[in-house]
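Each of the next two complexes has chain A plus one other chain: chain B in the first, chain C in the second.
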Partner chain A sequence: MTAITHQPLGRKVVTKPFLVLGLFVLIAAYFILRRFLFGMGDVSNMSNGYPIGTWVVLDVVIGTAFGCGGFAIALLVYIFNRNVYHPLMRPALLGGVFGYTLGGLAVMIDLGRYWNAFNLLLPWYGQPNSVIFEVALCVMAYITVLWLEFWPVFLERMPPAFKQRFGLDKLQAFLKRYMYVLVAVGVLLPTMHQSSLGSVLLIMGSKLSPLWYTTWLPLLYLTSALAMGYGVVMLEATLVNRAFKTPSEVALFAKLSRVAAGLLIGYLALRWGDLVDRGYLELAFAGDWDGNLFLTETALFLVPIIVLLSRRRASQRWQFVGAVCLLAAGSLYRLDSYLMAVRPGNGWTYFPSAPELMITIGIVCLEIMLYLLFIKTLPVLSGNVAESRGRPS
Partner chain B sequence: MDISRRQFLRDAAGAIATAAAAPVAEAAAPFAPREPKQLPPKAIGMLYDSTQCIGCKACVTACKAANGKPVEQPQHLARWNEGTWDTAEDISGKTLNVIRVYQNGTMAEKDREIDGYAFVKRHCLHCVDPSCISVCPVSAMQKDPVTGIVTHNPDACIGCRYCVYGCPFNVPQYQFDEPFGRIAKCQLCNHLLKENLLLSGRDSAAVAVEEGTSATSLWRQSQIPACCNVCPTGASLFGWVDELQAEAERRLARKPGEMYEFPRGLLGGDRAGQVAPVGHYQPHIYGEKEAGGTQVRYLTGVPHEKLGLPKLPDHSFAAVSEGMQHTLYKGMIAPLALFSGLVFLARRSARQHEEESGNSKPGDEERPS
Partner chain C sequence: MDHLSDVDLESYEIQNPDGYEGGLGGLTRRQFLKYCTAVAATLGLSALMGIRIAEAATATTRPPVIWLSAQECTGCTESLLRAYHPTLEALILDMISLDYHEALCSGAGHQAEAYKAKSMKDNWGKFVLVVDGSIPTKDDGIYCMVAGKTILEAVKEAAEGAAAIIGIGSCASWGGIPSSNPNPTHAKPVHEVLPGKTVINIPGCPPNPYNFLSTILYLLTFGKPPALDGKNRPKFAYGRLIHENCERRPHFDAGRFALEFGDYGHRQGFCLYKIGCKGPETHANCPAIGFGDVGQGNWPVGIGHPCFGCTEQGVGFTKPIHALAEVQTYAPPTAFPAVNAPKGERVSPAAAAVVAGVAGLAVGAGAMALRHMDGGSDSSADRHDNDR
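Right, the complex of A and B next:
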């Protein structure tokens, strides 16, 4: 096996799609400004019945699950020693870097008393029984680890003379030597906080339907986050491959499909087994809002299992369909358990306002813009991508 | 690709064992909720008797005055007044307690479920094992170890609103309409109680008790929670939780319609009571066991679910959540064990990958990222 080479795509950065994305980011910036000037109520439909809205659920709970690509691939490559997946490592990591960093940005917009956020790091304020406390610390640490893991990409791009002058070549060697420690931390932290994002809901006993409320929430969240990590890697690679006509990685994904499908089977077996065990099976078939949401989730989870286990997984089109359904299923599971299946009582309802959604959309657009910028200017993608011919986009 | 299938299976088995063994071994006992918490030694609280409430909302006004909260006027109720009348519909960032009304059919009779109406007061129940304290990442929510009052510290609060999300009674309220909003909740007029001899210092109270002064006379009448202080009928009654519980049980034991002297203000205080017929109570003292117990008791004429008092199990969800965290993170042993396994496996893989790519040109480094 030969070493993996990474190269920048080297295409034009400021393109039409890039500008359109930028427009959405500007719209979001306007509403973010309003949020800080006039309060959250000015732009958001959140209420004291639904105090957690799209900023947390879409950008953080779902957003960080989308950012699990780096975690999922590192687990395969370094913990299960499957070097064959190594070419996927950098793009997956880059997705994680932005998924998590911008999730952190969304939290700062969402915090009602953001100027006190530093209290999280002061030991006399920290409250270790709080699940959110653990999630907050883990996510902060993981964002740091992700940037450190990604740091060699910047170092590679710097001229050797510059590196030598500032001793950066030594840093590069140091990072390379001890990267395995960072990798281990980078697998441990998401294991902790992705499962804890499920534990957060253990406090919701009376407000959350038994279809979602179970003490298995941490494991369900962890397995689905990992599966979503594989899904997002497939999705990103397929989109980059189609847009830039880079060498196809379809064969590799056919292998990866089986890993993802295995995780999903485990997830569904645990979910349904636990439901039967607790004696709430009839709720799934009650035909009401909650029951139908639950069945929709299961159906969405079944699609990728079937697609990714069949012969069709060898086709890029079907891989794409499988990945999209997988991500939709994992996202719906999170959206349901955090918002759509939550019943605070007293007639409270919630649907996000347009400005609130525009902030969420703007953050996602910023994520895509930065991803494009990075793969075009930094050595992220593997192989001779720069030489491949494609329409400029 | 020269790793054999067997090699992979062995690695995989090792990794799975590392990942699974650590937490499993650590949590030898299966997951169990944390031990329930007990009522503090000098727990104080409130008894609200829905059948005695006349819906005058003097408590709401007094609460606003005592806690410096503004009048609240929802847009759709603006036509009802010209800016003076408080028309808060529920507790909010500006309203710490509120009287709500249950209406059914013709509303002919008070405290009747069908064709009747009933009042209910909403405010913090000061749980024995509060969810808000359990979820707060920065210890902004605190329970007084002596009186059991659940207080909020805005200087610690980061505004994440998980207390709002997790409270089974929807009590903490964030001020969404403020750029620098804070969490508002009933703190049982903590600032008034502080001046009370009985709570101002345990030593002085102990001295007074030794001198033969009865405990209740140490409460100065005006320094009890504002809502109980102004309640004309004694529907809101302040006192020690154990005594309030006994009072609630006394009322339940009486025959409906029988005349009874309802204490007002402070249970055991020297204010004259209100003589009125005993209500047709539901045979349940709400707040005694709900969510692991609270320091507020409700007696109602209509089922409590109709009044927005949710049906809850006898255990606190905080005990479930903390039980899980303590199982997984006890002494951080499981995470550390997992971490050691991960470092070992990652190091070996990194070495192996490096060897495999050893024949490549220098500078063409193998990097994990």
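Right, the complex of A and C next:
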């Protein structure tokens, strides 16, 4: 097992796409400012019937599932000791860092009384029976762990003289020595809160159609989050490979896809088995909004299973299709169970307002911008990027 | 369950009124134990306490009770007469020995007064004194006299030998109607004319009979008063604001109010705060146990009338019935959300455009990315096509 070297891409940072993304971030910043000056009602369509809107569902529930790449790869590399996947670790981790950090930012925008948020950290206000309390603490802890896990990347980039002067080389050695603790915590925490994001829905009761409402929600959320973690790693690597002509990792993904497909089969088997067990199968074929959403989800989940188990998994194009469908399926599952299949009753309706959506879009754009910035300036991507360098894009 | 009314009273023979069978007062043993357990539950005690209550209630020597009526309307007694678990007769014939009560005693005149004097003498230091009505103190209390004696005197005299003193009703507890301005008789509550004595107050106009019965049974069982609040009211009954357990409370929190009698909100059963309900500043268990044994929801607020605060000194008979209560939990905001608040927004053209734009962008970008990927033939080499 050879040591893996990481190198910054070293391309120009400010490119045309970067500026376009920046424009969306500025639009979002304008609406975020309005939200803090004039309140939530000024920019958002959330109501007492739908207190959970796109900010939480898209940026937190789906955003952190997209950020599960680090969790999923760490599980493979460190827990199941599959070192072949190690080159995927850092980019996956970086995706996790931004997925979670910006999810946390979205929560701060979404909290009506955000200035009370620090009370979460005061033990005497803690309510240990609350699922959402667990999610909040867990996500905060995981953001910290992710940044600590990522910290060696910054340290590697610093000039040795600078590190020596401030004693950072000792910190680097310390982090390297005790990284396994961080890795262990970094696998534990997402297991806790990704399943809890499903447990949150358990209080929905009859507001949520039986197609989604089941006591298995926590496990369904956990397995789909893990599968999405592998999906997002494939998607990121494929896009980076296409955009920057880095060495292809298609062969590696062909192996990884079996893991993802296995998870998805388990997920679908549990979901349908549970549906039959509870006797709600006919709801899936009722032909109404809920039933069709459910069937669409299943179809989207089936595409990656078929692609990733067939011989097509060796093709980059099909890997891409599979990863996109996997992520779309996981996202739709979350969107349905948190918003689209939720009926609070009493005539409540919800559709996000344009400013509300622009904030979500801006946060996603900021995520992509920071990702690009980091892989270009910091040693994130592994291997022989230098070989393919030389032709600035 | 068999009710007392099913018993043919003509042929019903009470064996030995002071024995065990007689002590049950026509109830079966099972019915009686059920009743005692229910009382234990009302008091917030464990079900085992029901047994102790049953033992106390069927003890062969029934504790004597002297009931004095001062400036009162007999409403407290009337409400007691309408208690059905147990009925008042089951209480006064079988559990306690009601030796003197002006409205209920069968004797009259000198006979009744003599029996009262005898009972007090025989049971000095052991009897329970119950007073309803407020005590006039102006002109040495001449505005309320029984048998040539002012009630002030009678109460003071009886209190000396009482094991426990209960002031039943708002008048006895804090003065009630007779003490309202201009208070022509200088009416005072019982505890004010008996300084140094513990008077258990059961306020209410009338008080819920079960608060009184439960207190009596507690006294019989444990020989001491139940836990009392700062105004000597039993905490099990007066520990919480009506507002806290009111079935209309969700309407208060949501800002849905009746604004006048018979309006839309009133017919819908909205909160009565704005038409003067004193629930937010009145301590009592009315919403929890209701009145009249006809089921849940049967109490003033339940049937659409604002609470007027009879159990609370300074509220009942003092504040105008339709004046706003001072909310003690937290004050409502000055502006409430409208009753017909919009229930969320539908999709706006701008939002639809944003969603469509994102979807289009995703599909377009995905398709572009796919177009430049090599399909299946090549998985390791890195093709250098000039895409952007």
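Quick note on the criterion: the second predicted complex is superposed on the first by the 386 of 393 C-alpha atoms of A that agree within 3 Å, B and C clash if a C-alpha of one lies under 4 Å from a C-alpha of the other, contacts with A are read in each partner's own complex, and residues count from 1 in each chain.
Convention: a contact is a pair of C-beta atoms (placed from the backbone, for glycine too) under 8 Å apart; a residue touches a chain by one contact, two chains touch by 3 or more.
All values reported here derive from a predicted model rather than from experimental measurement.
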Q.
Please determine, from the superposition on chain A, whether chain B and chain C clash or fit.
A. clash
Q | First (chain B), second (chain C), both or neither touched by A:R312 | A | second
Q.
By the touch definition at the top of the document, which applies to A:S47: first (chain B), second (chain C), both, or neither?
A. both
**Q.** Touching partner for A:N346 - first (chain B), second (chain C), both, neither
**A.** both
Q.
Just checking: does A:Q127 make contact with chain B only, chain C only, both, or neither of them? Give me first, second, both or neither.
A. first
Q. Which holds for A:H86: it touches chain B only (first), chain C only (second), both, or neither?
A. first
Q: With both structures superposed, pick whichever of chain B and chain C touches the larger number of chain A residues.
A: B
(Q) By the touch definition at the top of the document, which applies to A:K245: first (chain B), second (chain C), both, or neither? (A) second
**Q.** Superposition clash, chain C against chain B - the stretch among 4-12, 274-282 or 346-354 that is involved
**A.** 274-282
Q: Would you tell me the residues on chain A in contact with chain B in one complex that are also in contact with chain C in the other?
A: 47-49, 346, 348
Q | Residues on chain A engaged by chain C in the complex (per definition of touch) | A | 45, 47-50, 238-239, 241-242, 245-248, 250-251, 254, 312, 314-318, 320-321, 324, 346-354, 356-358, 361, 388, 391, 393
Q. Given the complex with chain A, which residues does chain B contribute to the contact?
A. 1-3, 7-8, 11-12, 15, 19, 31, 90, 92-93, 131, 134-140, 154-162, 164-166, 168, 170, 172-183, 291, 308, 310-313, 317-318, 320-322, 324-325, 328-329, 335, 338-339, 342-343, 345-350, 352-353, 356-357, 359-360, 364-369
Q. What part of chain C is in contact with chain A in the complex they form?
A. 341-348, 350-351, 353-355, 358, 366, 369-370, 372-377, 379-382, 384, 387-388
Q: Please name which positions on chain A make contact with chain B in the complex.
A: 1-5, 36-42, 44, 46-49, 51-52, 74, 77-84, 86, 89-90, 93, 110-114, 116-117, 119-120, 124-127, 129-134, 136, 149-153, 176, 179-185, 187-188, 191-192, 195, 199-200, 202-207, 215, 218, 344-346, 348
